[in-house]
Amino acid sequence: MKIKAAIFGASGYTGQELIRILSGHPQVELAAVTSRRYAGVPVADVFPSLLGLTSLTYSNATPQEIAELCDVVFLALPHGVSMDMAPVFMQAGRKVIDLSADYRLRDLTTYEEWYAKHHSADLFGQAVYGLPERYRQEIKKSRLIANPGCYPTSIILGLAPALKNNLLSVSTIIADSASGVSGAGRDPQVGSLFCEVDGGFKAYKVGRHRHTPEIEQELNMLAGEKFAISFTPHLLPVKRGILSTIYATLKKDMTLPELHALYASFYEAEKFVRICPVGTYPNLSSVCGSNYCDVGLTIDPRTHRVIIISAIDNLIKGAAGQAVQNMNLVCSLPEESGLPMAPLYP
Amino acid sequence: MKIKAAIFGASGYTGQELIRILSGHPQVELAAVTSRRYAGVPVADVFPSLLGLTSLTYSNATPQEIAELCDVVFLALPHGVSMDMAPVFMQAGRKVIDLSADYRLRDLTTYEEWYAKHHSADLFGQAVYGLPERYRQEIKKSRLIANPGCYPTSIILGLAPALKNNLLSVSTIIADSASGVSGAGRDPQVGSLFCEVDGGFKAYKVGRHRHTPEIEQELNMLAGEKFAISFTPHLLPVKRGILSTIYATLKKDMTLPELHALYASFYEAEKFVRICPVGTYPNLSSVCGSNYCDVGLTIDPRTHRVIIISAIDNLIKGAAGQAVQNMNLVCSLPEESGLPMAPLYP
Amino acid sequence: MKIKAAIFGASGYTGQELIRILSGHPQVELAAVTSRRYAGVPVADVFPSLLGLTSLTYSNATPQEIAELCDVVFLALPHGVSMDMAPVFMQAGRKVIDLSADYRLRDLTTYEEWYAKHHSADLFGQAVYGLPERYRQEIKKSRLIANPGCYPTSIILGLAPALKNNLLSVSTIIADSASGVSGAGRDPQVGSLFCEVDGGFKAYKVGRHRHTPEIEQELNMLAGEKFAISFTPHLLPVKRGILSTIYATLKKDMTLPELHALYASFYEAEKFVRICPVGTYPNLSSVCGSNYCDVGLTIDPRTHRVIIISAIDNLIKGAAGQAVQNMNLVCSLPEESGLPMAPLYP
Amino acid sequence: MKIKAAIFGASGYTGQELIRILSGHPQVELAAVTSRRYAGVPVADVFPSLLGLTSLTYSNATPQEIAELCDVVFLALPHGVSMDMAPVFMQAGRKVIDLSADYRLRDLTTYEEWYAKHHSADLFGQAVYGLPERYRQEIKKSRLIANPGCYPTSIILGLAPALKNNLLSVSTIIADSASGVSGAGRDPQVGSLFCEVDGGFKAYKVGRHRHTPEIEQELNMLAGEKFAISFTPHLLPVKRGILSTIYATLKKDMTLPELHALYASFYEAEKFVRICPVGTYPNLSSVCGSNYCDVGLTIDPRTHRVIIISAIDNLIKGAAGQAVQNMNLVCSLPEESGLPMAPLYP
């Protein structure tokens, strides 16, 4: 029997991507998708690409009503909204994959400093940070998964092997990232218009992006010590993808083959992390359309810095794909089930 | 037991797309891929997107050697080269899906007028034009499939219902098409450089594109009479996709709902043709990444013209996807097996 | 002494382009720019590209107040708004370049059929259609210039020589056009988002675009007879530019050199129309950033059709540049004064 | 009387940009342009955007012959070729603006380590590094100008005020840069194809780009001490532009207003450097098409790092525009004469 899934808030790019992936998932039946704006409208009218792939119509049902229809729910909602929905689904005994930031931080004060007042912080203890490569066992046992942010996914996966092995002078870490426009969502705003983005490139929210505490929380856990990083997001004229170029000073000398072997071994069993051959580096074109995170690296002997570059599709490994990966774990399905494997190149 | 497939000439965009699709095909084992330039190089070194998805290395084997390894071969070669390879595979009893133009035209004179001297025209009688929506039964029985050109696929599928039903004044047909750059292949040339294409749009080969006789051959067959059309290809600043806007004068008045119903009914059983709801039209974004051909249409009462718009992914329905669809038919597999269904939007 | 210009409604892409051009115009002083939304905000805060090029701040002044400050006013307003502003400036004795559609049509019924109720149709008699290559003498004598639409500019300039010389069977004319996204303006809407447009291509408003009556009015005038055309606009994933591919059947046989010579001679004295050499066709990349209209053409002997292709930068020759060209004429300045000449390629 | 200029090697993107700018320069007559590949071909046949703007034909003349025709020559040649041409023009008494890397480095050993054997290193003493904001007086007196690299221009201008004022811990400097594709030139290569670049983003030549020693030479001069930096170039899917995000630790605490004021004052008299208002950062869209370098900055109090972002059009301020700026200085013309001022936005 198929698992019944629902998506709460399914009219944005992440919601669409969840519908796209789940409509082809062999062990899942997509039971309901909600949208206040499009209530009563067939999904394929809003997203013509899905014509023939889903016959669902957007519903305006309450969380209680949706909980009746599903085993697992994806919350593809803005932060601040999820925190009011998750408790309903939890109380109804459902499994919850929350794609907002509401349950990612373990520290309430930090959450309220960077985001807003929290209404269901009592669930913090039950939430697991949904990065399977890091918390696979915890995820399997949890019912509330805080699906990671897109930038954090790319940066944490890029640094995990080095931090776990205590290779880096942590105060020197700098993550310079660039994201495609879909990260800004489908709500119309001047800054996301084609004419504003195409041919352009810019940094934004320099030194104050909300993913910073999330990244630091996980990097600190990996290193076992407290430190701050510099994180600068940029807006790329592409639809999908995040590439992070990460700099840090090595604590002691090591060779590139040694470092490369350490990374390859760290991720050996992972289906969705690929280490680029020495001398090659990730390209958004080589991951977009898939759930892969590609990681490449080098050592600059002139400055004793390691340079790690990681790339993901922000809507897949950075959002909907990782959410389905988490659902697979939570529902005891094969971890890669239904997930897009082959990147769409060119 | 899996069917063994080989790709002869697999280093271009179409070859890559065949590898990408076949490496995920549940009933196929990709046995060999050839490339003179990349002989001995792992496929994933040339196309890093395929890292982890294929462990094949490019071979420089002869057609005879490749024939030993496979049940079916895809020829992803330029026209003029296929005609020397196909006979070898045919003689060895293999099934051949030829993606070049060499066996598409039924008339040798026309071929030699638009292309070059032909070396294996004796195979013309065995070749079937591989448009499943048109020649499904013939394809199933054939061993030599001439996979259609990308522009022809979009235009023939767009016009078939109208011509089959004798609705159009055939001398008025104009097909105004636009293609993504991947149609020009992966060989480096100035005209395909990012800086030449991005931000630009232009017509090319106006009145003299080689797909013209192929389009006319099939349209003439559909209409049961001989006529010429105007066909103007344009180069779009996108990687994938062909959109054709087709104009023709109606022979007699009919309403849009009538015409729309006729189209919907004509393609009712087709898995890969979608008719857009009245008042909506195809968009490349809604088909790229899939094997779909979307068709939209309207009638302009002011000019008594019907306007038909069709869209495909040129590398999938316009090349590699249609080739696999043909392979499925030729090998008695389910027609949609292994084919990408969900377009990658956004 | 410099001419004092004002722009009413200067916060959109056309308004910005007017500021950009006029701030470098040697005989013009830009005296005021208005915007309700940005009243009190420096122009360079809204458009950082203009930092250091203008020190103007957006004003919320009334038409009456603006009229006090200027000799000539550009109305860069939506249709329906211009019609209430133009009378104020006319009454104050100012010269008016209206970039909306409000005074382009000579027939009130047609205007109200395609647009809305008109409030100042009494000015129709004073308005001149501002296509200098067609109405230069009339423009010089007028005080109310109806600046042409972007699509009409490209199509009329493409067909004028052929229609003026009675070469075409007018009922066969089809104009298949494609425009960059800036034509949709700077107001945020889903359809203009980067993620909706990039990688896509689609037709829109098929058979019902409001530029149709404007195009037909001018083509009918050129031909001296009444007829309808088919006009299909498409949305291109580029910021700027319109390319029109125009089809028509020749009334009688003529050679391409004859036709080419006729076009070259027709536009011989024009500074802003370039006829492409035989065998070459316009490309948006070769006109964008300039006030040029490039025209290329061929004859398809197989179908007796002429195919004419024209290209402009929709924001320059299709809007702001042509408006300044008109201002130069109206103010007795050299016609090309201040206008961008060299396209920005690549 | 106009200055006579020639361009040696004028068939690439930089050469075209020089023709574009110089054909509109009021005090310059472009006397000759050379290209081996296009000898005898009109410039406008190779670059249709220049139709009507130049009537020049590519010449295959020798340096000696070209020297007879001009007062000043631009060498738009690959490194390794300029070093054989410059001596000829120097000996003939001409002024030379060399756009290659051949005379940028002051140290022969460094040049030969990163590039190749040098044939005219004896000219090193006469060459001035052509960054006007840094060496204006020296440029005016020189006859051999080594026009800076594109990445170096953006990074040096971004760091100059901070280094000159001894604010930074120099060993912590990291420059993370991204360039448009035109930086790779017009020679066809797979990596510059539209299908390889569009939708992608990647780092390249990590830790080993040839601009590194050039950047370090100038930063070391500014700081008055020897140090190495990390410099990572990335390839952006845009035609033009370089954006550099530069990180460094502050030697001692200072406020953002203090730092901003210091930058504003440092560049107060510069026509082509714009400091972005506090809280705003450069965007390629806001500089491309102009000779501006935009600089924005902030201080991250959490990490005591300064983050400086600079943006230029790589073909203008990063190549042809700066070359003309240097020519203006060398020829005693107003520094901004003939230079494109208004960026082409959108």
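When the chains are written out, they are named A, B, C and D in that same order, and each has its own residue count from 1.
The rule we apply is simple: a residue touches a chain if its C-beta (ideal position, glycine included) is under 8 Å from a C-beta of that chain, and two chains touch if they have at least 3 such contacts.
Everything numeric in this text was worked out from a predicted model, so none of it was measured.
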Option in A-B, A-D or B-D whose residue-number contact pairs overlap A-C by over half: B-D
When subunit A is superposed on subunit D by its C-alpha atoms, the rotation angle in degrees, nearest 5: 180
Fraction-based call for subunit D against subunit C, same above half, different below: same
Centroid distance [mean C-alpha coordinates] between subunit C and subunit B, Å: 39
Geometric centre distance via CA averages, subunit D-subunit C, whole Å: 36
Subunit B and subunit D, separation of their C-alpha mean positions in angstrom: 45
Where subunit A touches two or more other chains, by residue: 13, 182, 195-196, 198-199, 237-240, 283, 285-286, 346
Subunit B residues within the subunit C interface of the complex: 171-172, 174, 176, 178, 195-196, 198-204, 206-207, 228-230, 232, 234, 236-241, 243, 245, 247, 281-286, 288, 296, 298-300, 302-303, 305, 307, 309, 311, 346
Subunit C-touching residues of subunit D, taken from the complex the two chains share: 13, 16, 20-21, 23-24, 45, 47-53, 182, 199, 239-240, 274, 276-277, 280, 283, 285-287, 289-290, 292, 294, 341-346
Residue ranges of subunit A in contact with subunit C within the complex: 13, 181-182, 186, 188-190, 192-199, 237-239
